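One chain, subunit A, links the two complexes that follow: it is found with subunit B in the first and with subunit C in the second.
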Partner chain A sequence: MLIDLSKCVGCEACTVNCQAEWQLEPEEQFTKVHRYETGKFPQVKGGVVPTQCFHCHQPPCVEVCPTGASYKRPDGIVAIDEDKCIGCCYCLSACPYGARCFDSSRRIVRKCYFCYPRIEQGKEPACVNTCMAGARTFGDVDDPTSAISKAIKETKAVPIRGTSIFYVPSPHLDRSFLPPDLKEPGFVRWWKGVIQPGGKAVMAAAAGAVVVSLAINTINKGGGTGGDADARK
Partner chain B sequence: MPESNYGEERVVRFGLASRLAHWSNAICFVLLLVTGAALVFPSFGHAVGPEGMRAFRQIHRVVAVPFAFLAPLIMILGDPKALGNWLKEIFSWSKTDLEFILAYPREFFGLKAKLPEQGKFNAGEKLNSLLTLFGCLMMAITGFIMLYPGRFSPAVVGWAHPLHSLGALVIGGVIIGHAYLSLLHPHSKESIKGMIWGTVSARFAREHHAKWYREAVKLRVQPAMRPIEGEEIDSIA
Partner chain C sequence: MWQPKLSRRRFLKAGAITGALAVGSSLLRQPVGGLAEAAGGVSGSGLATLPAAVAGSEKVIPSLCEMCSAKCGILAYVREGRVVKIEGNPKDPQAAGKLCARGSAGMKTLYDPDRLKSPMKRVGEGKFDPISWDQAFQEIGPKLKELKLQYGPQTLVWAAHPELPAPLEQRFMAAFGSPNYTGHAPTCYSSRSVAYQATYGGVPGVDYQNVRYYIAPGRNLLGGIKNPEVRKIVAARKAGAKIVVLDPRMSELAMWADEWLPIRPGTDGAFMLALMHVIIKEKLYDAEFVAAKTVGFDQLAAKVQEYSPEWAEKITDIPAATITRIARELAQARPAAAVDPCWHAAFGSQYYNSVQGGRAAACLNALLGNLGAKGGLILGSPLKLGDPTGVMGPEPPKPTAPRWDGAGGKEWPLAKGLGMIQTLPLRILEGKPYPIKALIVSHLNPIRSCPDSGKFIQALKQLELVVTIDIQMNDTAYHSHYVLPESTYLERFDPVMAVGPTIVLRQPAVAPLFNTKPEEEIIAGLAQAAGIGQYFNFTLEQYNNALLAPFGITQEQLKAQGQIKVNQKPTAPEPGEESKEFKTPSGKIELASQAIASAGGSPVPVWEPPLVKPQGDKLRLIQGHVPMHTHNTTQNNAYLHALMPENELWIHTQVAARLGIRDGDLVEVTSEVGKVRIKAKVTEAIHPEAVFMAHGFGCSSPYLTRTYNRGASGAALIPILVAPLSGAAAQCETLVTVRKVG
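Entry: the complex of A and B
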């Protein structure tokens, strides 16, 4: 998705229409519009930056999900199988963009799905459809002939690396106001790469030692030496 | 005193409060380990399914409360003296403790081993106690953070998850060894009786906890110092 901040007027129609589309509680927002001000009075400039799930290429949220509820579809959309989600919220803390929200009535986690049910029907995502400023473009960036690919080229849009989102920076805000490139949080790396394999190894080693000890002790007993320490060879 | 007198005799090792606290901790921990393991072992999680895992989550949250508070409460209210002695023992380490730890693997695997004399808790039991004590503390703290993520910064919540799962796996390993030694290992399985009935055989006490046993005998032979029925005997090291 391409979001053109030079066109976005910050009306939050996307936020509201998305909430209607996905029947969200008022406090749940799949896409948010952030407001910034820079400069010193009287030269204050303001700008808006809408964000949502960035549909990361290697999503940390999928990495930590213990149930497989969070997954990446073959088309690149990061989705949640809401029947599988148990609301453990691991993904919530793993997402560097704060894109996920907890549905307190259903006790599961939800987020922007790029409206894949609509896309499958050949429609645009609800936020794209409703944006009267035409700030949002959705499409296949891997296809060089698609409208979004052309628009990215034309506008010299900035890719948020590691994700599926491009921004045209706002004329009022410099690039530092754009969300950062994807960086997997350190604890996710440690968790999945070191801590869990290590912990499992400790547990397996303990279980293995018990089995070996049990075997040796049973054999020794079978040999008729009895259970007394001093009677051992 | 002729040794045969003690052949079938029993020595009080754990008072009622210690045993209750031990078992409340044990039962809670096993429940938490089983309900939490579904998140760590995908095949187990798959086997119980999402409904099962949601139920696990509920159980996990409920059991967390007695896990964190019941055992300490029982000890503080029920037998603060035994609690103090236990804490004092598990934090005092000497060279013989190290020798014991180094020699113990042979004993564990049923080989001939020369183990130095031990007090009421041998060095392995002290290590187990320390790991349990600090492990449980860490689990309670990280668990609390996970229960109220809104009160902490995202980085703190983020680190709480992996630490919680590391703690669970490490203590899980410790518990496997602990349960095996007390229930099945031919040399030490007498110790489970101490945790169930409160007493161990005099022979076990003499062979495994010689230092403590001598103190216990001293208390017995001097009627004035005879312990009240059921009261824990602590070595006066």
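Entry: the complex of A and C
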């Protein structure tokens, strides 16, 4: 998917239309819109950056999933077999983009599926379909004749390396405001090797670790108002 | 891990932690029966839940959105009797298959457990009993008759945000004999309308699709979102248009635009005058257009000599060089160049000087020769629907009493048709010019949309009868004697309307879930009980068929597609109007306006400073819309509430530091009429003299459980003012102090 930030108006229609499409709880959002401001009055600039599942080429979420519920389809879409999900939330913490959400009523993890049931019916994903700004383009990047391949070429879109998402940066924000390229965080490998083979007692400890890591992330968030992409990994 | 640099969603992070904690205690999760079903899902597909708009066995109903007033065509997907998804109708020119966040969230309004489910009668402070419709009509009708007998028919006021059934509301008032039907114009667009009416004889729109240079004086196309306008302005910018935003705050549009000019609040008129100064001095205007279509150029040119960019810099805080550059760029792009007439914004209703500012913008547009040009302004001639009087029964007599607010009278000739709703509490409390004892409110919540909530509530308590027609127990309903529940837009028909050359129909996607009625039935029930039933012996279908008659279609035929494009020849000019190109006294665009002059204003636009001046710790309160909510109507919608549960007070970093306020602190905001508490958003993105609060929060009705008491309402702080010429409420002429309380 290509998201053109020179067009995106930050209206959040994508967020809600997706929620409606997947009948999500209000707190569950497969796609989110982040807002930024930078500079000193009166020289202030700002912009919006929508994010969602990046459908990584080698998804950390799939690697850590203990039940195989998270999987990568042959077409590249990262999906979740919701019947297999036990709600352990490893994936939620392993996701470098914060793209997954916990469905508290069903106690499973869910995320953007690129609306593949719609695609299979020849429709566009809900977020693309509803976008007033026409900021989103979806398609097969391996097909050089597809609309998205042409759009990537025309707009000189920035690929988020290791993922399936491209952005046209906002004219007001530099590359550092875009999500970083995928680099598997070290703790994911550690988790996969150390925690997953263990029994349920170990899993409980891991769940505790998830809580701690999320709490740390939340606390850290307060300071992240600038700097380069690496500083935020 | 990548983290957003600045996100309004800390609450989501907190939610994730809570979720993870819940997991810790439920690792040995047992399958929970019925959950997939409860979520509307289908099991056994490799995914537990299928998305809404692809699963089989569904109906798709074309209709018309009402999550805001833009009137986008929608497709409602209905499965097993439930609306599961709403999408934009690709065949509808307003929607073009797209829908904003609010439109997409429509079914959460339909299925909101806090909805009104039956008529309610007040039985004590904040206490209501459900009653039958019969009881409601049989108690309200005789009371109306009694009050009419005692005080005359003018004792009844009907206050509305005029929606599709507005002509029926107006007919009710005419039949009752009262001149006092009043809309929301003074809190929205009165000054803009007066300015453009005086200059052009009508209010033009902007050709957003083709504009090459666009200036938005406070207009926030991306905050007060209208789907068709957003699509067009995005396309225009992609095609190379330059978008310039004048706004004391970095609004959504300002953030996205090519250039944001953080102007001192209330000084947009000075900026416009200085642009004209440069354009006339450097002869950059369309001389041919000016000579052919306008009157008063010499007077205007003489006046704007005073208003140099250097003069304007001192007033607006925008450097003189920037003003000169913008003037040249704007003129260079003409006629595909436009200054937005605005709705709310700088020239809508917000400042005491909005009419003069709006007039300056209207004259500036005329100098650009952009009227009727591709990429300029458009004076539309709306499609003329059929005449329904044939099916409606007798014509009501003209009311004899004057309006309570004097709109259209000797003192306020230009406020005709706009009214001065903000003065209603004062007139009720004073009993002048005559006793007002009864109020019907529909599609409106004046306690939070009009100034001085405290005064409004005080006035409502003086009334003998207050009836609110709405889909939810809003603040005004909460202070009413009777609350009559209207069916939501997904459950009812409405009068058809024309959008450009297209006629659109609102029709039910599902039958009413509760004991609610469409408004025409509520009006007819009230009329019958109030002794004026003879004016309402027709059905909505008969009424719609009369409106559709010139096009050879019926409501029944319109149901399948929900909209139809029709052809209509331009109508002949009204008698006496043949020689007039513009509906102004001179028949031309009036750079010097006779109408303004005869109402006591300067015939050419002049600089008038705003009414109040921020000084020391007194800051100017400004307000505006956000993309995920509409006025004060959507805050209880579950999806939209999750996106933005409360508003914040934007305050400049240095001002906040001086007052010891940090981002996220709870602050108390105090004005001469009230005080509220709200969280502070400390930001560089606002003029230091202003604080900003998004409109629509601070609900005081506990019946709306999600939004009750979340955020704050600017209406509690704004004093009741009446701006010159237009009678607008001038809401941004409010000074406040801010102090940290938590």
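Side notes on the structure shown:
Note that in this section the second predicted complex is superposed on the first by the 192 of 233 C-alpha atoms of A that agree within 3 Å, B and C clash if a C-alpha of one lies under 4 Å from a C-alpha of the other, contacts with A are read in each partner's own complex, and residues count from 1 in each chain.
One rule holds in what follows: a contact is a pair of C-beta atoms (placed from the backbone, for glycine too) under 8 Å apart; a residue touches a chain by one contact, two chains touch by 3 or more.
Every value quoted in this text rests on a predicted model; they were computed, and no experiment measured them.
Contacts of A:143 after superposition: neither subunit B nor subunit C is touched.
In the superposition on chain A, contact is made by A:92 with both subunit B and subunit C. Which of subunit B and subunit C touches more residues of subunit A is settled by the count: it is C.
When the shared chain is aligned, no partner comes close enough to touch A:174: not subunit B, not subunit C. By the touch criterion defined above, A:83 reaches both subunit B and subunit C. In the superposition on chain A, contact of A:13 is made with subunit C only, not with subunit B. Touch criterion not met for A:75: it reaches neither subunit B nor subunit C. On subunit A, the surface touched by subunit B in one complex and the surface touched by subunit C in the other have residues 83, 86-89, 92-93, 98, 107, 185, 200, 203, 207, 210, 214, 217, 220-221, 229, 232-233 in common. Residues 38-40, 42, 45, 50, 53-54, 57, 107-113, 146, 149, 154-155, 157-159, 161-163, 165-166, 168-170, 172-174, 176-177, 180, 184-187, 207 of subunit B are the ones touching subunit A in the complex. Residue ranges of subunit A in contact with subunit C, taken from their complex: 6-7, 9-13, 15-17, 19-23, 26-27, 29, 32, 34-37, 39-42, 44-49, 51, 79-83, 86-89, 92-93, 96-98, 101-102, 104-108, 113, 115, 117-118, 121, 123, 126, 129-135, 171-172, 177, 179-180, 185, 200, 203-204, 207-208, 210-211, 214-215, 217-218, 220-221, 224-226, 229, 232-233.
Contacts from subunit C toward subunit A in the complex involve residues 1-10, 12-24, 26-29, 32, 35-36, 38-41, 43-44, 46-54, 84-88, 97-105, 107-108, 222, 225, 227, 230-231, 234-235, 237-238, 250, 252, 255-256, 258, 260, 262, 317, 627-628, 638-643, 652-653, 683-688.
Subunit A meets subunit B in the complex at residues 64, 66-69, 83-90, 92-94, 98, 107, 185, 187-188, 190-191, 195-196, 198-200, 202-203, 205-207, 209-210, 212-214, 216-217, 220-221, 227, 229, 232-233.
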